[in-house]
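What follows is a set of structures for review.
Shared between the two complexes below is chain A, which pairs with chain B and chain C, respectively.
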Partner chain A sequence: MSTRYNYDAIVIGAGHNGMVCAAYLARARRRVLVVDAADAVGGALRPIDFNGLSVPFAAQLDYGLDRSLVDDLELSRHGFSYAVEDIGSSVFNRDGSRIDYAMSNDDTRSLAGVSKDDARQWPEFRQRLIRFSGIISDIARRSPPRLGGDSANARTWLAIALKLRRLGRSEMREFLRIGAINIFDVLEEQFENPTFKAAIAAEAVLGHHLAPRSPNSVLTLLMRLAGSQGKIALPRGGMSALGAALQSACESRGVTFRMNALVRRVVIDNDMARGVELDDGTIITAPTVISSTDPRTTCLNLVGADHLDTGFVRRVRNIRSNGCTARIDFLLDNLSGFAAASALGLKRRLIYAPDMDTIERAFNDSKYGRISAEPLVELVLPTMLDASDRESRQHLATALVQYVPYQMIGDINMARDTLLENTRNIAELMLPGFKSHITASRVLLPTDIEHGLGNHGGHWHHAEIALDQFFMLRPVPALAQYQLPVAGIWLCGAGCHPGGGISGVPGRNAAVRILASVSLR
Partner chain B sequence: MADRFDALVIGAGHNGLTAAAYLARAGVKTVVVERNPYIGGAAVSRELYPGFTYSNCSYVCSLMRPEIMRDLDLPRHGLQVIPFEGSVTMTEDGGYFASYLDHDQNRREMARYSARDAEAYDDYSAEVLRQCRFIKDTLLMTPPDPTSFRPRDLRGLVDLGRRFAAQGEDWMYDTIRFWTMSCGDFLDQYFESDIIKGHLAGSSIIGTALGPKSPGSAYVLLHHYMGEVDGNIGAWGYARGGMGAVSKSLAAAFQEAGGVIRTDAPVAQIIVENGKACGVALSNGDEIRANNVVSNMDVKRTFLNCMDASDLPDDFVRQVKNFKIRGSSGKLNIALDGLPEFPSIPADCPARYGDMHVSDSMDYLEIAYDDWKSGTWSKRPYVDMMIPSMTDPTMAPPGKHFMSVFVQYVPPKIHGRDWADADRDAFRDTVINRIAEYSPNFKDLILDVEVRTPRELEAEVGLTEGNIFQGELTLDQLLFNRPVPGYAQYRSPVKGLYMCGSSTHPGGGVMGAPGANAAREILRDLKR
Partner chain C sequence: MIMAPYESQVLTTPFHPRTSAYCRTNHWANWSGYTTVQVYTDVQLEYFAARNSAALFDLSPMTKYDITGPSAEAFLNRLLTRDIRRLGVNRVAYVAWCNDDGMLIDDGTVFRFANNRFRLCCQERHLPWLLDSAFGFDVDITEVTESIAALALQGPTSCAVLKSAGFAGIENLRPFDLAEYELHGASIHISRTGFTGDLGYELWFHDRHALDVWDALMEAGRLYGITPMGSQALEMTRIEAGFIQANVDFLAGGRATRPGGNLRSPLELGLDWLVNFDKGHFNGRRALLAEHQNRTSRFKLVGLDVDGNKPANDALLYDHRDREIGVVTSAMWSPTCKKSIAIASIKHHVDADHAGIWADIYVQRELKWRRIKATCRVVERPFFNPPRRRITPAGAH
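Now for the complex of A and B:
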């Protein structure tokens, strides 16, 4: 039968989730085509040219690539390895003073310098977070069950309930309590140093349209820790190297890539997927079509409201998917003197967050369509972290800046300039002398990310992570099993459970579901 | 030692009186001790200006459970609730949006702003009603403990699960989302018009340290919808004679069953002997002995102020300390020389008899919340104004009127320091000036203003931080987590010591459910 179709499955989008999904399908001997509008693979990892230096389009760091997936797909055989597996972090106050910390270990030497009490509290608190994130990690790796349905669903719920009970009674109660609470209250209960509290709060809200006082911000912190117990890593060769390794893993299993091919729509016949139609009119057929772009774009643009019922369409329209994080790249030249002076800072992840109220105020601005006057910034120098990248005299610094609303009021170019200026000043404060080395810069607003990746809203996670868009509710209940209401159409992107952050889990979970389904012979 | 009681209730608030009335009717010899010279807690009617009756804390009635009204025969004891017709929000540009008891009238009103919203209103009200019905069933229930393996808890969980599942899978998803999402997101699903969303969102912030865009605020919206007057779900009414009428009728029911009330009796300490509560010491040194002590005070006051930490498990004390009671509300009670004009509202609009607002968009409310977060009262606050004397002439002398203005947001401290009188006056002026922008003759009519910031609410009523719900109504503090996990069944770690205030499930509002639930658990322990 399969000869009737060009492929067994077509994956729309060569982002990491699309490639992970394709690789798993190919590993199960399916003939898979990956199509992407860009000229190179990777999505957010895609290398682009920035004044002669190759930089990833949007991805910053590896916050929790699923390690079992690295093994399954034998990524190391395809050239993947880490330059740094556990990057230390430093948080900066307004006066330039800093505290070093890491979510992955109990080193409190720097913290003890500002607060003995906090240094005493931190290890226990951190270990508890890691323990709780273990529950979230277990949930994150599972394909969401439904609330009704068959006994397999019930078994999954039971397994999660047992895992929870195994925490012990008082820990389980604490987990249930803080799961819905905000990080502000939790940190106020535990710590006294405002900048240290802001650092942990920043870990919770980076990439999310949340502030420390927003409920759900403990959940997002646990999600961040769930991937790799708080380790933040950088692949050798930068983030784009992960994209290249995934491409190689796909191709070695026979996956075909077709680049520069924008998908106009999913071809549907008799309420069943038949393939995709490209922008140039070409039709490629397959009984299974998997979209790694966001759920809203998939449902409303690629599939079309005509094929979906109105209640469903309304829900999809209400998925919260507006990004609030901008990315700024700086090209730096001639760092030799500078590097010696601030060697330590250049190999760390630098967070600007004086106190939680500053983050909260930055968030307030964005609620009404303004960019934050004093933003939250995460700055790294990937070419400094990665020793394999030394031949170039040029260096790269990349910053994530919050909050930058998707729907902005006022002049967008002015906002761009202000954002750049604010970020440069903050970078200068963290790394004195930084400004004088800048030779070029690039600003990516959420709208630019939307433009470059095609995901509606330009959100990191394609859809906000919050309890009402989590697990069996993500992105909406009817899509939580990675499957659209139209037979043969699936989702495998960050908009699905468990979300973004370059984990690859949505792609893998989708592949597992697809392979278990009858719609793929 | 002649008067040894079976049960002693600390605080004659509506929940304390409800619990006491249930206990007394079951034959338990009960005394209620109240620190103020008057009963009622936050449900009081007080003549603070000659000839005027102030409902000076809580001001409207709807949430009082009808089951309790029936059980305790409150109408016979003098409680009469007069429903009022709807509410109205005035807009910045001189317009208005009103809501009514009648569904179709609401639709027509919405259509003035958006035909699409009028369409969506059917779905919206059906969904809200459905959520209300489900939650109503849980109000008079003791929350099961999900960490326990006792048959009673497991049964409770299964029962809750079954009731939940009976509504169908799709509805279960909607419900979980509803309990976790923000009011803003919830309303965005249905409506497009700013004024309609601003009008409806008001209910999601009352008494709550959340903005309408904070996740979790959708539930608070519901908390204010689930009341009923004469079987009309969502309707609100005035208690004839002010909110003190609620307390008075509860006290009458209690006293008829043989209960004793002692006012002017502030409790200094709960006496614990051999790990068991056995009475209270008053601040004048008197002791009153009882086999069981029931606290209507909030949990922080009960366990942190009136007990020795050594009588309690460390873990419990930590949890009580972490319980969130945020002051976020204030109140102005105003005696007026006549009826203020609100030119925006047509003279024949019956919503004038209900609650009036000036917050005409969701952003208005959210900005008001931003002020609270930064440590000051909202410069453009949410005001919930009502003039009960238009409906109930006993509240003010003929031709004069009593106006109650509830204000959100008002922080418990100003930039980290205590409220000073100058702050209170500045806060008063903020509110009065804001109202005067909508009512040209308002300022000229003012005879007296009683200002109540969280400081006054705490000092007079004893509510920690002046929080009207005795604890935030957020997901981490609801059901089996309220007030703290493991102690949601009205019992405390100390034998013979119970909680019956709004700090317990199902939370605040003049509902009486915590009191009734606590009494049921106490009677269970007493095997009555």
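Now for the complex of A and C:
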């Protein structure tokens, strides 16, 4: 390729998707630069100093890192491995009683507390979800077709149709029936135990601005299961270790990193990308610029409405990207005293969800600008899960809490305090004695996440996942092929198909698409 | 406020006290929510006033937007297909704008009053589109359709009428020039523009001055044959001038609800000269560039000279092998050209000079229908194009 440019491609954002994309491009011998405003790589996995301990900025568990990508990029050679590959979950009721379950296996023995009927129904139901999620996972790996497009499009549709057909007639009908409805109705049909239903509903809504009764909350559940059939894992060394492994994989293939470099805009000349301009005025040139920040920020801030058409801008402005998930970190002192009492709980993923109505009410609060009085909480103790992390006598507990509105009514600091207090109380209920061990805490609201990651809205998926923002409609139809209307500008972040979470699939799909297109040039 | 159809109301223009007094036929029509005169006395009389002396036309229902602010120019340059940076202060430009697919939304005129002050005039209402287009630009958009009254004074004696009304130096305005005047304390913008393809002017002013200006012009024009003109006569001059009309010769972009091919790109409407690919990005540029480079235009606009004297309104067009190739969108018997003329949209691939085009015209006399196969020749537009339209200083005639 031409040497008139500093690089063949510049990736904006050293989040995991940006690095995955960069690594695939470098594997195909492209000279790649990754620039990030932060001082360390990882995006939501970026290590943050928290009272002397390192915590990832936002993401706490691996629900579905694409395993083929781990192989392609030889991440194990770069120090990546799992501390735990299949973390069990426990859901808590208001009285502190709990049900243990896993989305990854049929171990009904652990379903203590649910009725016989529920326990009997569970394996068949779970397996069906996993089967259906296979369709979603197949869709996730494909670059979406263009609406009204060519023969490559037709092949994609055909392949998906065949997959569906292979389910068999009645299963296909069931897939199409529940695909777009809500998880509340599906679970009401199936199970009795309110807390168990709430556990599965929580899997469907975590990270989404949805409640169990919202449309397409089955789709989001299938999305979650698609990555690793319900397995929930934690890398050795914590989530940030994945970022470090990706960086090493990139560097071993010649990718250059430039940190502390905020990209102000994409340089465009004659309707083509020419590079990026940094905040300090530095211009770095490349014929291909790939942005891993959200589509709206990319289009409206980094590219600019003046390079785009009005109808397109209107659709981009209407992408729903307001986050609703907060992260709270707790620093805990020596746990030896209480570890015995709650031994089991300390190595599990703890969900607070008494029943589906509680989740629904928590969502209602946020719809009207208030933080949830009784939120949905996912709590883990990474330093307990990952034994490799054991020099320190201190421990970490990290929580994802819903729902916290992006646009809040009233004083934000009061909301922060209330949220912290509510979460502490819920943690105490799940792990009695917890509160007395807290020595420090950190609260990240969606607006903090927005600032910390440079995206619009601080949403888990950079853009809500819903049928109208899914597959060939994600994030808007004209962007579904990862490509902006301006030649040479691409998207590779969570806002693209198939969406967010630590999967790396958007980054990989984008790289495949870019390599196919750029070799044509 | 949302009104049921039976509650809706048609407004009157600021000139209503005068136009209604002159309107003998009581023939009115709803133009963009305003009742306007179709014919005052006799359509031929009004038409000939426009061609031989001076015709006064109430233009007030024209949609008008004031566009101001530091990025007004950049905003318009992105909105419109022309290079607005080249439009000087006190100049007017004929413009068009497109949707993302490069399909025409509307055409109109842009007035540049100052570096950062413009007015856009057009047929349809476009505020939502303009506001959406303003995202990312430091610009204010105000609709002034109601508060700005407008008159067109068109015809060979129009300059003389304005001069005698006290607009000194008006003859020095070049076509598409714009100047501000004061008349009895009223600020009046006059542009040498119009829809008739002849010497003519348009006057723009606050609606509170409407009746004074009307009276002053009628008084000044008494010896110059000034005649109020209704929409029907204007339509005749419009076709002779070869101008296209929204929702007649093309469907305005905002009106299309059905998918598939009912809209036209500017390249398909003979407006190539309005499209500047070198000025930077504008709405629809990528689609238009692809159309231009891949030669994928589906239609072209042509002027036709139709055999015989029957207007070819709405006629389907065929080639010598009787294949349907297009449709007439505007047609008339032109009293000045003394022939039957038409504006038509035909398939792009048709070799118009050798296709042997004929129009399928249906005429009715005393309820008896007759079908005429009229041979058509493609001719240049405008059909009527007198030198006085361009000469500066404008003649007294």
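By definition in this document, the second predicted complex is superposed on the first by the 513 of 521 C-alpha atoms of A that agree within 3 Å, B and C clash if a C-alpha of one lies under 4 Å from a C-alpha of the other, contacts with A are read in each partner's own complex, and residues count from 1 in each chain.
To be clear about the criterion, a contact is a pair of C-beta atoms (placed from the backbone, for glycine too) under 8 Å apart; a residue touches a chain by one contact, two chains touch by 3 or more.
It should be emphasised that the depicted structure is a prediction, and the values quoted were computed from it without experimental measurement.
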item: Which of chain B and chain C A:Ala305 touches, first, second, both or neither; value: second
item: Superposed model, chain A: greater residue contact from chain B or chain C; value: B
item: Contacts of A:Arg169 with chain B and chain C, given as first, second, both or neither; value: first
item: Chain B versus chain C as contact partner of A:Arg177, first or second or both or neither; value: first
item: Partner chain in contact with A:Arg314 - chain B first, chain C second, else both or neither; value: both
item: Partner chain in contact with A:Gly88 - chain B first, chain C second, else both or neither; value: neither
item: Chain B versus chain C as contact partner of A:Gly134, first or second or both or neither; value: neither
item: Contacts of A:Glu360 with chain B and chain C, given as first, second, both or neither; value: first
item: Partner chain(s) touched by A:Pro432 [first = chain B, second = chain C, both, neither]; value: neither
item: Partner chain in contact with A:Gly79 - chain B first, chain C second, else both or neither; value: neither
item: Set intersection of chain A contacts, chain C complex versus chain B complex; value: 314
item: List of chain B residues in touch with chain A within their complex; value: 146-147, 165, 168-170, 172-174, 176-178, 180-181, 185, 188-189, 210, 213-216, 315, 321-322, 324, 363, 366-367, 370, 373-374, 474-476, 481, 485-486
item: List of chain A residues in touch with chain C within their complex; value: 271, 300, 304-314, 317, 485
item: Chain A residues within the chain B interface of the complex; value: 146-149, 165, 169-170, 172-174, 176-181, 185, 189, 213-216, 314-315, 318, 320, 357, 360-361, 364, 367-368, 466-468, 472-473, 477
item: Chain A-facing residues of chain C, complex; value: 74, 78-79, 99-100, 129, 132-133, 135-137, 280-281, 283-286
